[in-house]
Each structure stands twice: as structure tokens, then as C-alpha cells.
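Heads up, the next two complexes both have chain A, just with different partners, chain B and then chain C.
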Partner chain A sequence: MTTVAEWLSEPGAGLEVEDDFDEINTQYLARGWTDGLPVVPPTRRRIEDMLGYCDRPWNAPVATIAPNDSPATPLRIAVNAVMAGCRPEYFPVIVTAIEAMCEPAFNLNAIQSTTHLCAPLVIVNGPIAKELGINSGYNAFGPGKHANATIGRAIRLALINIGGAVPEVGDMATLGSPAKYSYCVAENESANPWQPLQVERGHPAWSSAVTVMGLECPHNVHDRESSDAEGILTTIAGTMANTGANDMYYAAHPLVVLCPEHATTIAHSGWNKARIKQFLFERARLPMYLFSKENIERRFRTGFSGRYATAGMDAPVLMVQRPEHIVVIVVGGAGKHSACFPTFGETVPITRTINTRDGKLARSIHEFRSSARGQDDLHIG
Partner chain B sequence: MAKILLGVPVEVSERKSAAATTTRIVSRQGLRLGLLDNSKGNADALLALLAMGIKRDVNVVSTTERRKPSVSAAAPADVLEELAAQSDLVITAIAD
Partner chain C sequence: MCEVQKRGTLAVVICSDAFHHLACAQARVRGIAGLSLVVIPHPVTGISAEQLQARAALALPQILAIAGNHTA
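And then the complex of A and B:
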């Protein structure tokens, strides 16, 4: 196999259908290859264009995606990215995100197949986020921006088609979530009074990175009255504390998204991220009597016997086990709405920098295109 | 209408295919039974019920019972290896 055209002729790689948009979509939907929405037909030319931003061998797996543990090659990822409507320059972000969520500590196998409604959120930091126009402002978690919508969708299609997270087959979510259609956002670094996420997690400010987290949908925190850090964070801590989350049963790493106005008010109070996390750790707690007697007995007294075996009914139940487990980023436009994101529980955020094939930090997405043109071994199978 | 060749988005796992066709020869002397509790609330009760039914119909010569430390994570490799080594048949239960 040396070209995309030859790959398409291999068993299991190509499907011959009538050259008609409606018929193509009927066929793909019937085979369970979509998210239910119409897809862009993955033609040879579109797959080749997508791989124009891939500087690695096209048929060498970059990861294996659970629960099927199927090899994710750039070729197969590219088919899904085309179907999602991605522009080719998005491809390195998609590949990096898939690599990140396939690291064992992320626990993708459980996130994909659980009855819980979680989905992997992709947070993009750095100059490449700006270059691609990934929304970090108004409605960043909602519709309207091509990069957010299609990068998140490409990853979901890969999770379904390569990983096997087919609803009722490999994805057994009781309810599911709209976040399972697409879940991708950039941090609003220009409105962040503190270090952006990738820098906090040990990478240079000029690097671009992807952080993946296994989360529920955003839960709004509206506070337009509080005028200092303690007030705003008291409201956020109260929102983080709820009896139905998974977080208190695990060493959860919940996400707190501060809107720029809340972040500015908190920073003007002189608080840094460490103090924010310490405050939320101490305040995001509920008295045990708010939980059902069965949960108290089976999940707290038995499951966490060291802490709760003999605890009184007023004893505080911690939503977060350690302050540093809380992830704080800044996203959004004007307004006084922040958000809390409960987690799947048994999952750890993973950050990966966006690197070119030689392992160097990419300064621009176009480095992937130029290096691809300079290498002759990309097509070789 | 003209035909067009398009990319297939699905990748088939060779490992999964192999696992689906794996067979195990059971000794005539009796069945070595393995039980893996996924640690959800009633998994132990369901496993006990299944084991009781199997023992009623089959000569079970040994039973190896293990419990996952977390319902939300895969069983540790050493647990799986032990069950594989000591059992002809392993039942894992998920129950709420």
C-alpha cells in the first residue's frame, strides 16, 4: 500500500456506493458509522487533503482506542475527520487529543463504556488554538464556531468508529449527553490573570497543548452579586457540592471554568490559583445526612472506612480529595456565569503538547504541512 | 448513477476477533470456576446465584473468587492472570 487510492482498494478500507449525497448518508447511517447527523463523504481527495497536515506515517497506529482496542491510524482518523467536516489544519489537534485520551491513566475504556454520561472534553491551549480559531469566548461550549464543532465531532466519530463506542453496544450510557456530539474548547488566555493551563502543567508559554478530561456537561454558576474572591468562590463551591456526582467516591479531578469577569474579580482580591483550589477544596463539602442511608452505609462507611466508618451524620463529605486535583481555567465572554464540571470519577486529566514528528513543540500548525511535504516515507505501508 | 469509492471509518480490532473465537478444553474431572466481582452493589449476590446454579448441574472442583478494587477501572493484570490460570470458566458480574 503506497497511496490513499491503493489503501481504499484494500479489504475493509473502502466502500463503493452511488455517487449521491443522500444515498451516501443513507448507507453510512445504516451501517452505524455516524453520530446520527449527516456526514461529509470521505472521498479520496478529501482524505488526502486531511493527511496533508499529518507528518507521520499514515498507516502506523498513533494509539489503540478502547473499548475495542482498535488501532487508530492517521488514515482511519482522517476518514472520521473528513466525515465530521474538519478542515485539514485541524488534524494535528485531533491526533494529539486521541493520543492523550488513550493514555492508561485517562481510563478511556471505562469512560467509553460506562453507564455514566461523561464525555472527554478537549481543552486546547497556546498559539495553535488561536491560529485555528478555536472558540474561547462567547458561547465557547456551544454552537457556532467551525473548529470547536468539527474537532470535537471528529474525535467522537473516531471514538465510535475506531474505539467501538457504539450506543447500546460499546457505549452503555444510561442517558448520554449532548457533550457526546462534540466537546472541544480553547482557554481564553488573554482574559486569564494567571498561568494558562498548559503552563501550569509544566509546558512553555509558547507551546500549544491539548488537555483531555472525562466530564459531565457544564453546570452554570451565576453570581452577579459577589464582589470579591471569597464571595464568588463560595457560590462555586456550593455548586460543586452535590449528592449525585461521582466525584466524592473517587479521587476526582473536577474542572472549574471561570468566566473572565469572575476571574478578574478573584485576581483583584489577590488570589492565585493555589489559593482558589485550597478554598474550593475546603468548601466543596456536604454533611453526610444529605446522602441516602444506603449510600452512607455502602459507599462511605464501607468504601471509605478509614474516613467515614464511625463519622457522625454531620461529618463533611469531601467532593475533592486534594486541592491540586481541581483544574481551573478561564473561558467565556462578558457576563457573570462560570461553570463547574463534575467528572466520571476514576479518571485523570492528561495534557499533551502538540509536537511535530521529531518531538519538537510546534509553533504553528503549518509546520505539519511543510514537514509532510519534505518526507518521502509517509505513504509507505 | 456512477459509483464512488469512499473511506470506511471503522477499524476492526484483531484482538477482539481473536478473543471471540477462543476456546478452552475443560477436564472431565470437573470445572474450575472463576468469579470476578466488579464491586458494584449486588454483583456478589448475582455471582453467588450463578455459581449455585452451575454447581447444581456441573461438577465444580474449585472456585476462585476475586473482586475488582474499583468498579470504574479494569481489573488489575495480576488478578486477570490468576483467574485465567486457575479457572476453566470465569464469570464477571455487573449488578446494581
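And then the complex of A and C:
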């Protein structure tokens, strides 16, 4: 039986570097093991602390990460989580998110290596999101909160260091995006007049879950004048409809994030999520003449000949193929700014509940703590 | 294409030079490090029919050469 400490003591398992923050970061940067920012040195003690919140065997892969199809073991994920600056209690969320984005339907291989600037967004729901302090309020997609910043960064580092999404090598994004540094948020469930996302997707209200989506950065929707559902959603539909998105060429599942004030106004109009989605489906359309002649000919008339082969130039181009493909959540603080998130296109959202190793829904993050499981050392499974 | 090759059928991947490195890495990861790659100038999309035909003209002799050297 081998412990993490014994394994890390073997020749070649670790990197011998002078105990100096600058020297360690110089070495890591030179090897291409970072996102460009300084990292927390993943020492043995820090890795063991991180794995103290993992109830799986530390060396048994939980997934393989594309494009390199490299095994993501808890040990490897823990190294990246330490580097990102995570607290150990964040670890089960990170593992669950990585499992979710490695499901085939998410199409991580393409998301990682495409020229498109998409990144996997991690949406966390349920009591564990609150327990960990994942920001769902003011500036939730921006800086300032430790959990959002470091959970998202840990996932990005794992995508680089395990999956091989190295710029120009495995990540061929023409431009990339700031969302590729960190992209993690919680839903503002207390401000949500409807079911939270994980409940809408079939899980109990007391469950905690992670939903991953392959998305662009937020596109802001400022509407401080509209006073009912139709007004606000008209503005949002207009933002969803843009000629440069991938959405209309695929069965896209775009995200709409409603700020609490917009959500409240829409709910006061008596609208539920199904009606919101139906309205956005019907209004998020563009007349074909707004597209270039080459796109009309090659992508619509040829690519979607059944719908557009003989369509007139005023024919509506649908941004979304089915109303239920639109994902609606509530996030944010005060103010009248919602957001739309176009997608990579060929990807579907994946939701996974945060479960303990026996498959039961976790009620608290502390169920993962090794001492709570009566396990004080870290053995091969 | 790697799966096709693994089943014994010759597979040739055409890629633009900007993606040559990624194609090599993907072939290696999928267990066919020697997958036949035909490299043509980038880009492939957003070009005229004439430009596309010129790229096809570059690719075709490479494909035929690979096929000619292939032993089942």
C-alpha cells in the first residue's frame, strides 16, 4: 500500500526546487505549467491537505481530459487546485465539474482546441455553494471572491496541465477570452422567483450540483426602462440575436442570466421559465438579409437547405432551435443588468450533483473531510 | 480518422499548416502517431472557389502518393 507521501518521495515524482517562491514560479512558468500568473507551490503538505477533502482513491482517474485524453486523478487535480490557491474544501466541486465537462456530450475536445473563444462556465447550485461562499451576487462573474476565483482557476489549470490546452498547441483559440482564466459562479437562489437550475434539471432542492456550459463571455443587457416581462425579454432577445455567434449554426443551448431586479419584474408579470424561454425562442431571430451573402449561401442555403434553401431575404434566422434549449438562471446584485452568453454551438450543458463516493447526495462539504470519514491517511484505494 | 486507420483502412487527414501541430498531437494521443497528414496552406474557410481548388490541387498528389505507398 502506497501513501501520497511515499509516492511523491519516489525519484521523478516531484520537482526539486529551492524553497523560494520566486524560484518555484520561474521554474513552473518556464515549463509552461501555469496560466501566466504566479502559482501557489504545490508542496506535499498542501497536496495532502487538498486530498483531505477527497473520498475517492487518490490515484484512480475520475475522467480523462481532452485533447490529450490524459487521466485526471484526484492527485493531479489536487496539484492544480493547490497551484490555483484553492482551499481544500473546494475540492469536491472541482472534481465534480471536471467529471461533468468530460462527459462526451459536452464535447470538451472541441471546446479545448477550437479557434472559438469559448470556455467552460461552472455554475454551482445548492447548499454547498452557500457553504463555500461562491459568489452569486454583486460582480459574481468578476473578481473579488476567493471561491469563484480559485475554483475557476483550478479548472483552467487542470485543462492546461492535464488536458493539454496549451495555447498554440492544444488550445487554438484565435483570440481566447478572459473567461479562460476563471469562470465559476453560483446561482442567486434566494433572488430566484422560480426553481433553481439543479431542480429544473431534475434534482432535489436540497441537493448541490454543478452545471457546465461551453460559452462566450457575458454580453451585457442593460434595460432600466422596461416595466414588464415582455419589455425586458424583448431587450434580452435583441442581445441574443447577433450575426457573429455560433448559435444559429448548431442546436445551441445559450445561457441567459437574469439579474434579480429583472427576474422580479418578469415574475410579477406572472411569467414562468417555460414562457420566458418560449418568448426568447420566438424573438431571438434575425432577418436573413443581415448576414453576408457568403454566409447565406454556404451556411444557410447549403448547410440548412431544408429550412433556408429557397427562403426569402426577410426570412427569420433562428438563434435557438428549441425553446427548452435556453438555460435561464438568476445571478447578481442590485441594478438592471442581465446578460446573454452565446455558446460554442456543438455542446450541451451537463449537470452533475455533488455526491459522496457511495453515490449519495452530499448535504455538506464536510462529509468529504477525511477525518469525518475516519480516514487519516491517504492510501491507494 | 484514427479509428478508421486502426480498423485497417487507410485514412488521410487534410489539415491546414496552422493546425499541423495540433493534428500531430491528436493523432499521437489517439494511438496513430504515424497517421498520414496532408498539409495545405491556411485558411480553408472563407476563401474563393478558385483558392479552394488550388488547395485541392496541392492535396491530391499527396493523397495519391500516400495511397500508392499503402500496403493493406
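The rule is short, and it goes like this: the second predicted complex is superposed on the first by the 367 of 381 C-alpha atoms of A that agree within 3 Å, B and C clash if a C-alpha of one lies under 4 Å from a C-alpha of the other, contacts with A are read in each partner's own complex, and residues count from 1 in each chain.
One rule holds for everything that comes next: a contact is a pair of C-beta atoms (placed from the backbone, for glycine too) under 8 Å apart; a residue touches a chain by one contact, two chains touch by 3 or more.
These numbers were taken from a predicted model, which means no experiment stands behind them.
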Fit or clash - chain C, chain B, common chain A: clash
Partner chain(s) touched by A:164 [first = chain B, second = chain C, both, neither]: both
Touch count on chain A, higher of chain B and chain C: B
Contacts of A:345 with chain B and chain C, given as first, second, both or neither: first
First (chain B), second (chain C), both or neither touched by A:313: neither
Partner chain(s) touched by A:113 [first = chain B, second = chain C, both, neither]: second
Touching partner for A:69 - first (chain B), second (chain C), both, neither: both
Contact residues of chain A, present in both the chain B and the chain C interface: 68-69, 164
In the complex, chain C residues that touch chain A: 18-19, 21-22, 25-26, 29-30, 46
Touch list for chain B against partner chain A, complex: 1-13, 15-16, 41, 70, 72-74
Residues on chain A engaged by chain C in the complex (per definition of touch): 67-69, 113, 164, 168-170, 172, 294
Chain B contact footprint on chain A (complex, rising order): 8-9, 12-20, 23-24, 28, 31, 33, 41-44, 47, 64, 68-73, 75-76, 78-80, 82-83, 107, 109-110, 114, 157-158, 161-162, 164, 246, 250, 298, 344-346
